[in-house]
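Quick heads-up: structures coming right below.
After this come two complexes, each holding subunit A, first together with subunit B and then together with subunit C.
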Partner chain A sequence: MPQNSGKNAAPFWISAMPAGLKDFLLEVGDTSRFAGRFFREFLFPPYELREVIRQCFEIGYRSLPLVGLTAFIIGLVLTLQSRPTLVEFGAESWLPAMVGISIIREIGPVIIALICAGKIGSRIGAELGSMKVTEQIDAMEVSGTNPFKYIVVSRIIATTLMIPLLVIIGDAIALYGSFLAVKFKGEVSFTLFFHQVFHSTEFSDFIPAFIKSFFFGFAIGVIGCYKGYNSKKGTEGVGESANSAVVVSSLLIFILDLIAVQITEFFGYI
Partner chain B sequence: MNKEALNNIRLGIFVITGTVLLIIGLYLIGSNRNIFGKTFTVYATFRDVNGLLNGNNVRFAGIKVGTVDKVEIVNDTTVKVKMTIEKKMLQVIKKNSMVSIGTDGLMGDKLINIEAGTPDAAFIEEGDELASIPSLNMDEMLRTLDITNKNVAIISTNLKNITQNISEGRGTLYTVLNDTTIAAQLRHTLKNIDVVSNNILQISADLNAVVSEAKNGKGLLGTLVKDTVMTGDLGNAIKEIKTAGEQINTSAGELKIILNKVNTGSGTISTLINDTASANNLKRSLVNIDSSAQKLPALMEALKHNFLFKAYFKKQEKQNKK
Partner chain C sequence: MEATAQEKTKSGAVREYGEPIIEIAHLQKSFGSNHVLTDFNLSIRRGENVVVLGKSGCGKSVLIKCIVGLLSYDAGSLKVFGKEINQLKQKELDELRARIGFVFQSSALYDSMTVRENLEFPLRRHGKHKSKEEVNRLVEETLENVGLLHAIDLMPVELSGGMRKRIGLARSLILKPEIMLYDEPTTGLDPITAEEISKLMLAMQQKYNTSSIIISHDMHCAQLTANRLAVMIDGINYAQGTFDELKKVTDPKVHAFFLNSH
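On to the complex of A and B.
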């Protein structure tokens, strides 16, 4: 029941909320509206294709060395760490299958998305925050260009499309790293290793992981753009938006992963 | 070439690489499930599929040739399994091939093994149903093992009690194990057994020598074994013994009848034996006879001198002299 009779007065239960919870809900609501605006702007022309391609290059291609190196190390380390336990049980031949499924199903998408959240999320947050601080966004509005379409939509499309590609390439590099680790410790051919990996891999391992990487990319793009687009004035605001873009998008990746696991299990793919 | 174009080429390579890897991955996973190859369908029915699932492998001679497409319950005792098999196997698998459910390794996934049919049988065709071999039920094996385990537990408890009794100095076994007297007796017994066994050995050697002699026709036994004339005599003797035996048997029968009569009280002997009055009379008669016999020589002498019998006795004397 409202306590005062003003038209825009908040209901009692909202006023009684702790400030932190109120801020959190406000942030969630604003981010959702921001994402909704993206879909509205994305569906209707004009389309900034050139900017989308440029962002794909910046986000996808330029992230490849970092993602590739990380994925290679993950594949290598995961294999070296798992091997002694499997050897103890006399199940060394299961190593490629186990590492393959782990990488394709979970570790590949999540780790690569987190790396991208760090690299791309902070980049977008800082870039858009600087544009906001230096009033470039306002200038675009004045010049008749839709800044949201040009800056935000292009980046979100680029992250949504590039993260899955980075995940696939990263998975392949991680599997190669795993192969080198197996070959380093024992004698196994390239063909046998990849046969063992794909012999035990199902579409139900690959498809859900591939689909969720689109959501991870979308989350990184939306959070990075939102934080940068709504950055506070001043250099401190730029740093804060870059930082919170990484933190929130990383957290959101884990939440999305949890939801994806539940959905996959619901449809009986686990 | 400007920088933007160069970047676009790089991006193109990146996108194509990712897409190619995606296609390769999908193809490799799909080829494991025979999605891209030509296949045909066969069926098999089981009573229990032991956890077989859609997508499990089908093997022929240990080589993967297909996958399980569908597992469905027909009724309470029948489960029908639909298998998708590579088309090239149409020229390999025979109609009378048998299928069984196995496991990939000790703890691996379930799979279907197709065993080769007979050479003279026709090749399999689309939609055929293969005969199945009932598989070993792991649960049943574990249940049996569980019973065995319980028995082993009981046995070990009993053994524990026995060893505890022994260690605590209870029971006969403890006495046997710890009593030095018994040990000494046992040692003595063993020595005796040793002597007996030596004797047995000696006897056996002697017996061997006897048998050897008998074989060679030496000694009484050898003669008995080897001498045919003596064997004939022995046969006759045995026959005679047999006849004598029969006669004794007959006599014994008759004697039995007599004794029966004696016992039942019929006949003179019975009267003599059983009737005490007659016995006394007989006794008296015998005494009288004895006394008469003693008097008889004197009487005879008197008769010899009697004139009535004198001539008779002289005549008798003359005849005796002749």
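On to the complex of A and C.
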């Protein structure tokens, strides 16, 4: 009897695929299925509103100090680094506008999303991995709770809602850092600085950046939860989940940013 | 009406058990090429404590995870309260789970919740709408039963191994289940604490009138808690009987479990 009767045999192009590529595609497929399950569970009751609010607090409020400090330093450093070049060309007055557009359009959302991928993604990956290893997820199921809905859906909703909020707050703090840097080097009032920033920016600068930050939040939540929920047994598995949650979600943020730029350009917002 | 079963206790009194509430017949479960349960048979009556003995990794935990529907089985029949587990819808399974308590090997306490919240969780989730006062009363009463009322506001990380086991037991008992499933309840504990936990399990079984399946390879725990033992070898119920009956069995596979017991 032949080893492979042909009915369940993989097509030639799959068999010929290198093992690494096959594993990568399987991982992408599993993650997509996981994200698909999120939408299925998200749409139908019961809704875990209490847990969503708790996660919003844990993810949003507790990330605020780190996001705020990093954003402040970015705004300050970006201004100090850009100033000499603009002074050389006699365009120092363009500094608020240039820094404002850079932060609002690109640097703010991407850097804050990357910081959150590190802080929140690793936290979710490790927490869920640890819950899996210590049978807490099984215990939840035995207690009549859908663990996917209670643990995963609530966290993905929280990251999707909180990252845009953190981006807005982070942008504001970065602009304030930029203002202090300008003020440190020359005479400029708070009103004049922000007038110059908002005079040179339009809604088309805010909206795409705001929309893409929802996708960044969604990506951080899905990857963190997927890695943690599918953690292998043992403490090594938990560490691996946390680590790969950060690496994959950071990479995904860059890929999503690239796609967002193409779409923004297609619609003529650049 | 099902006939009741009788057992003669050590003191000579006759103990009666009720109708069968767990019926396992020709149960099979595999993970890929690893055939864990090959043809497992077991029946447990109301009020009975059965200890399932077996080597580590032989499939004891898989068996109780199948009973509570955490794992689905490949073939055979597994009926709890007369309902075939694999055929239950999610809602029916949740209703059934409210009647079963499960004590996990790792205790599985929720790290992010206090002891009080851990105990409140199953009460809230099984949709038994109770007032706040009633929930508090139940939580305190159950904690008092396991001797840990003073730990009510502690976090799981602040508890010792024995305390975690007790809280895990309390969380499972709070819904007043009819069946208790224990997954290696004394593993990782010192002999004194292990004996305390075994005695507590027995006391709780008498207080709450539960039937139990206890997965263990701790012979002292088995001797203390079991009305009957089942020895799992190669995925089948290789031998069963009371502790004293099995101790006399000369089959080396069964006898090996009793070598160090007194």
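Please note the rule applied: the second predicted complex is superposed on the first by the 263 of 270 C-alpha atoms of A that agree within 3 Å, B and C clash if a C-alpha of one lies under 4 Å from a C-alpha of the other, contacts with A are read in each partner's own complex, and residues count from 1 in each chain.
The rule is simple: a contact is a pair of C-beta atoms (placed from the backbone, for glycine too) under 8 Å apart; a residue touches a chain by one contact, two chains touch by 3 or more.
Everything numeric here is computed off the predicted structure, so don't read it as measured data.
Counting the residues of subunit A touched by each of subunit B and subunit C gives the higher count for B.
Of the two partner chains placed by the overlay, only subunit B lies in contact with A:206; subunit C stays clear of it.
In the superposition on chain A, contact is made by A:53 with subunit B only, not with subunit C. In the overlay built on the shared chain, the residue A:17 is in contact with neither subunit B nor subunit C.
Touching subunit B in their complex are the following residues of subunit A: 53-54, 56-57, 60-61, 64, 104, 164-166, 168-169, 171-172, 194, 198-199, 201-203, 205-206, 210.
Residues of subunit C touching subunit A in their complex: 65, 68, 70, 94, 97-98, 100, 102, 104-106, 108-111, 121-122, 125-127.
Put simply, subunit B touches subunit A in their complex at residues 4, 7-8, 10-11, 14-15, 17-19, 21-22, 25-26, 28-30, 32-33, 55.
On the subunit A side of its complex with subunit C, the touching residues are 130-131, 134-136, 138-145.
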